[in-house]
Structure formats: structure tokens, C-alpha cells
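Each chain gets a letter, A, B, C and D, in the order it is written, and its residues are counted from 1.
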């Protein structure tokens, strides 16, 4: 029997909103797909594009980046700064031929436990449909004699 | 040409600058960077169509800075880079005296001396074209391809990279003493020039130049194996321009696009 | 004495076929988008026409830009080492310029002067070199100045020199004879035919330069010459003799590998100590090291030069550091 | 014809860890493989490349004496990626070791002579190997003097051994700390190494001086030794250039025609004077 592909997802979330939101999902006993590994950072402003690249390098099929809604940043403007960088990074990813459908940027607040579950479920389904990110894995190990 | 030499000579003789950074005749038809430190050395200066290198790179090179105050024979790309270096507080307004050929042609026009950022900004305001047509075409061609074709293109091209860092070292905006590529705690990008190390390096380079690239194309010219790496930073810079409405290299008071924001920055992809 | 044969263009087709049939890949200069690089080819028709040189050198075949020296797995209180066998494929390098062919000797000097480097040696054992004499040279070339020449046979197993209708083939070594033996009928008697190659005058007196370098260490010349050097590694990476390398570790929590990568003495980081102290702090010292290593230390240590005069560094340099010109300038300096 | 992979390290188990001073540790390492242990030999002055698997290799001298069999010791300061990873290791962990590499202190030539060791800070380890070696062959030599200085009392390494040396009657130990680095109960000298050596004024007659320390200490100590009439041939030191292969190939430690990893790390001042000052 062919083994069904289960995507590996990495989520970089801010401590104050999305992480708390995901916590709420749990304490509210809302079930969602278990493909995601959550990595907590202080603020979305801390999420360097290299974190996303590292996730893909290490075999992630999809990445979620999420933090406080605009105007809600614990540090006032970290998410605004992050947004600008995402705008350029996503553009560049596309230009370099990376599959931008595999990165999801989102705002999830501490109160949005349901929304977090929905987001993860949607992204998991979407990446499952896309299949493994084999294209990026072509890079790993190539060019070493 | 005589006007430029005279101007350079005057500056050196009056002691206003310690060295003139310009061009001289190199191998075959090539022009190479040239440093005139004594008045009689200005005779080696050349300025013509074959001069392409962005000399602003030397404004932050320790060994050159060490010479003292510089006069820089500046093409438009060099002018933009010097302004951007001022915006990034790498050189101070007045640190360098900029020599430009009026009307861009040293044989026709006069040679102007621009000693301040304001003068440089005013001079540059006359020029609106940034990227040359060939590069515009190349970018358009790549953008017209499918995502998969672009992946194939960059994968193939970047796998040829040998990580000699000619692109980085030739770039006037890559002045960091401790480039992230040289830091190993943590080691963000593999040092080895295998496919992954190359791809990640060029992502980092492009991202770090987004909003700072003056689109001189020096990196692409410098690449010994002929990878059009300049298209990556051009694209990133154009992305900033398109989305945030600002361009690097036109003002000494530009805020770095990616360290600032507007609450109403418009995007369409954040869920 | 080399055996001399005539090899027609037609016969070369046959030779390529015979080599491939024998299980050898053929690497040759190929023109791709105006860039001449070493690539695998099936027939002579794919070989670049009228090329001066490839950008990178044939060094990459025996000393790749990244190669695995070892790998390992780790566990609590446990490490298991894996010794990788170099994947050296039987390879014929076709169309290598005599300068580059001569450079294999300079690489061998470093890799094997003391302990023997199994990686380099395994790859060297698998290659055979079919050199091709030069019919042109440019302003960067100076092979004749450093003991080589446009039709120099050192390093080649077979040297081809273009003649009317094909090539004059000098079969020089045992490896060359084994290639010839794959299709002896293709090699016609070529005794008495003269080989022709481009004429290239000596640019400077190399022995005199080598003799005077030790006395010029503190010359201001090095600062003057290197002021425009931007400290990239292009010269070293295209150089057929530059052998300096780095060893890099790449690992996950449970496994890892050590990779040998090209490095360059032109980098500030090359000699930087952990303490922050740097023996070669400024670019002029690093430029001087490059010159001295090739023209003074190499001769002293290995009895040969570390430069073959191919001019690749000059062509690759983004700021036109013309090695030949700078060496001429150095030669003309009063000691 | 198969050649061996010269880049393959030996596996070593950490048998003991000593905290010497802030950020400085000494490892005692034992070969995991019995055969390798039996075949292993080194001489004082030699060094090795120690690996923290996952991070890379770093170069230090072998700080133990070849007369002490069955193990080697190394002392290192946490300064970079590899040393930081090594510092995190615990007893029983596995590290890698390639070596011994480099040349040696010519003890045979020193027989019948007085020895003066001068060391600063973290540069005592290379001399510790030779000091113990000489003490274990005590009959070979006449007077043995050790001058050792560090920035502060806390920065002195091998404190327990310093105590042992100070109590021995067959050698003289002079310890010093930089002004301001002393503690209330400090019994040694206060001052920089060069003036302390000058004050001590060891006779150059039939004496070998071995100097190891940070570049600035060496730079200021050499004139003192010259003033005391030590000829360059009888002043020894070790160079600590950056290395990657340790085998005379990677080019990193190249200084003049010399490879520090092969022709060094031990040099006499006379030899150094022949090299460009790129170390």
C-alpha cells in the first residue's frame, strides 16, 4: 500500500498573539491537524527570512508565519516592520522560482483559537495537495563531490 | 579630459583631497580604477564610455580611506552609491568631493565639483533613468517565465557560483566589516559553494540589498563565471520601489525601506 | 620521445566514440551563453570553437570546489565515522590548454609533498589529459615567461596541435598510449610534420624576479598595486594552481559531514585568529602573499613555480588586476 | 592502490575535565580505539586538531607530557564556534583528534643546560607539556626556572600544578599578575611579564629561553632577553597561526616559505628572524 503523504509544516509565531492564540486552541480543546511544529519567537519582527529558508532546508513542506494583527503588536510596530519584509521576501521568492504557496503569512490574535485551528487545517490541506517540496530539496546535497 | 585632469590636479595641489579615485587605461580596452595621489599622477586619468565600475566601493575600503580625503570621479551609478552611503551614515556629507562630467561626457562638457550631498542630489535629480534597457529586458523576460522555469533558471545559474564573493566585494553597498556570510555563530548559510549554500547566499544578498541597491550592476559585471546576479538585487530594489515608492541612491536622507513602515502598507497575501 | 601521429577531424569523432564506449566521460570546453566552461560532451562538434580558455580551470575535476572528506553519525557518548570513497569517474579532459595541463604538477606538489592526499590522488588516477596547443594568446597570457609554452607537453597524456585537416597528436604517456590503443587505426603516422602554435614573447625575466623578491618584501609597490584590489577570491578560484582550502562542517543533531572547499589567501578571514589578531591585516599583505607564494615560496619549497601564466586571474578580476603587468612592473623595480 | 584518508580523526573519550580559569578548560582525552592508543606517540611541542562533531575542528597544542602515557591533555579558551561546543562537552563524550602534527622542542639538544620558561596567560599549555617533560627527565638539565604571568589571579591556569611546582626544590617558579589583577592573599609578584623577567635577570650563560604568550608579551620580552645576552638561537617560541588541515596543504598557516603546521609550531628566534613577520 502506498503511504499517504503527510506534510511537515513549521510555524513561526509571535509570543504575544499567535502563540497565545494557539494555546487557546488547545485549552479550548479544539482539534486540528497535527502536522505543524510551532516555534515561538518574541515578535514577528524577529522572524528573519532566513528562518523560513532554514525550515525549507531542513525539510519543511510548508511554513506558517504569524503574529499580532496590525496595530496590536506588543512592541508597537514589530509586525508592521515584519510585514514590509514579507512583502519583499515573498516577491523575491517568487522571482527566484520558489513556490510561494508554501509560505502562509497570517495574523492570529490571542483570542482567535478557532481561527488558528482553521488556519492550520487549511494550510495543511493545501500543502498536502501540493505534495512534498521536493524541488527545494534538490538543493540539499547537490554540488558536493 | 583636460578639464578633469586640471580639476583633479588643483584639488591635489591645494591639498583639498589626498587622492583622486578615477579610472585609467587597463588591459586591452578595459578601464580600471586608478588612484592619483600626487599631482603629476593625474595624467593617468581616463574618463570615457569604457569606464563602468562603481568607484563608490572604494569610499568605504579601509586601505583607501586611510589615504585621507578622497575626490571621486563619479559616473551616475557612483553618485547614487555615494548618496546611499551617506544615507546609511557610512560616509559623511562632505567626506568626498565628487567630480562629474557635465552632460555625462567629459569631452563635451565641463567638469563639475560637487562637494555636498545637496549638490549631488540636485545633480542626480536631472537623471530619471536608472536601469539600462538590456537589464530591463532581462528582468521582463524572467518575469514572463513560469515559476517553474524561473526555478530551473536560477537553480542552474546559481549552482555555477563558486562563492568567490566578487559580487559582494565589488558592491558599494556591501561594506560590512563582518558580513553575515563570514559569521559562524550561528552559521546561517553554509560556507561551501554547493547548490544549497549558493542559493541561500544569493537570497541573503538580494534581501540585504533590497531598498539599498543603487542598480549599478557591478555585482553582475564582477561575477567571474558570468551569473547575472545583479538581476536579483535589481528585482529586490524594484520590488521596494513598486511597493513602498522609494528608491535608494537619490537622497542622503533616505530611511531604509525595510527598517521603517507605514501603517497602510498594502499587501494582498496575509491571511 | 613522444610518438607523433596525425589525427584527422573525422578520426577525432571516432576517438570520442571509442572513449565513451570504454566507459570514460569526456569533459571539454563548451560554449554556453558566451561562457566557456568545462562540460561533458558526446562528440567533438559540441566542443567550443575557437576558445582561448575556459573561465574556471581543469583543477575543478581533481580538486572540486566542494568535496566531502568524511561524514559521521552521532549519538549519546558515541560517534561513528564514515570514510567516503571519492566518486572519481574515469574521465578524459579534452582540449585542456598546455598551461592548465602543466598546473596539475603544481597541485600535486602541494597535495603530496608530505602526506599523500587520497582524494586528489584518486581523482588524478582517473583522469587522462588530451591537451590542445594554443593558436592564439591575449594580453593576460605569459606561459612562456614561466617555463611553459603554447605547445608545452607537460601534464598532457596526449597533446594535440592543430594542423591542416586535423591535429598533430603527440602521445606522451602510458595513459596516452592506452587511449591510442582504444582505436589505433585512427592515429596515422605523423612523423616529420611540424607542430605550430602561437608565438608568445617572454614578458619578464622570471628567474631574476624570483631572485629579487625576498629583498622586496617591504616595498611600497605592494600597496600601490593592491589599492584597487577588492579582496574577492575570483583570482584564486579560477587559478589552475591555487590550492588553498577550507574545511567546513555541516551537521544536524545526529549526523554531519566535513567538506573541503576552495579558499583564498586574498580574504581577510583567511588568516584571522580567534583572538582577533590577523597576521595579514590589510589587502596589500594579502596581495603580496599571493605573488610571493607563487613566485618565491613555491620555488623554494617545491623547486617549481606556483604559476603557469595562463592569465585566468587577470581575465576574471573585476578590477583588472593584471598579474602579468604587475609582475613586469615588479621586475623593473630597482631592488 | 588505496591511500588512507588523512583527514579522518581519531575518536577520543573525555576522561576528565578541569576548569582552569573563566572560559578555560583542560580535557584529558583517551583513545576509544585500543590499537590507535598503542600506536600513538608524540613529542613535546606538537599539536593536534580537536573536533567537536557538529561544529568543526580547532587547533591546540598537546598540553600533557609525552612521558605521561595513556592519555593526552589539551587546554583551550572558549573563543569561537568549535571551542564553545567543546566547552559544552561532558566527561564520557566523544571528540575527535588528528595528530600529532608539527615539530618538537629539541630536548636532546638542551641536555646539560639551564632552562628558563616564560609564559603568559593561556600560552602556558604548550610550555606545560615541555616543563613536565623536562621535570620527568630532571637529570638531563641544570637549573629550571618558570616565569608565568596572567592578567589576574583568576586567569592563571593549572593552579594546582603551579602549587606543586612552587613547592619543588629542583625548580624555581615565579608567578606574576598584571597590576590590579592581584587578590588580597596573592603571594606572587605584581607586574607584567617582561619587567619581571628583567628583574629576575636569568643568566644567558648555557641557558635556553622558551617564551610563549600573547603577541604583545612576546614582542616586549624578546628585547629583555636580548639585553640579557640570550642569542637568537637559544630563544624558542611557538607560533599559533590559524590552521585547517595541519598537514601543510591548506595554506592558511603559510608564513614565508614555512608552514607553521609542518616546520613549526616551534621556532627559534633565529628562525623567526628569517621569516616575514606575518604571524
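Operating definition for what follows: a residue touches a chain if its C-beta (ideal position, glycine included) is under 8 Å from a C-beta of that chain, and two chains touch if they have at least 3 such contacts.
Quick caveat, the model's predicted, so the values are computed rather than measured.
For chain pairs A-C and B-C, the one joined by more C-beta pairs in contact is B-C.
Comparing chain C-alpha centroids with the centroid of the full set of protein C-alpha atoms picks out C as the closest. One inter-chain figure worth recording: chain A and chain C are separated by 46 Å, centre to centre, where each centre is the mean of the chain's CA atoms.
Inter-chain centre distance (chain A to chain D, centres taken as mean C-alpha positions): 50 Å. Centre-to-centre separation of chain B and chain C, using mean CA positions: 32 Å. One inter-chain figure worth recording: chain A and chain B are separated by 34 Å, centre to centre, where each centre is the mean of the chain's CA atoms.
The set of chain B residues that touch two or more partner chains comprises 192-194, 197.
Residue positions of chain C touching 2 or more other chains: 65-66, 246, 248, 259. In chain D, the residues that touch at least two other chains are 80. By the document's touch criterion, interfaces exist between A-B, A-C, B-C, B-D, C-D. By the touch criterion given at the top, residues 49-50, 53-54, 57, 70-71, 77, 80-81, 83-92, 94-99, 104-107, 119, 135, 138-144 of chain A touch chain B in their complex.
For chain B in complex with chain A, the touching residues are 142-143, 147-155, 159, 188-189, 192-200, 202-204, 206-207, 210-211, 232, 235-236, 239-240, 243-244, 257-263, 265, 267, 269-271. Interface residues of chain B facing chain C in the complex, by the touch rule stated above, are 26-28, 30-35, 53, 57-58, 61-64, 160, 162-166, 168-170, 182, 190-194, 197, 218, 221-222, 224-226. Taken in their complex, chain D has these residues touching chain C: 1-9, 11, 13, 51, 53-57, 79-80, 83, 92-94, 96, 214-215, 240-242, 244-245, 247-252, 254-257, 262, 276, 278-279. Within the complex, the chain D residues that touch chain B are 80-81, 84.
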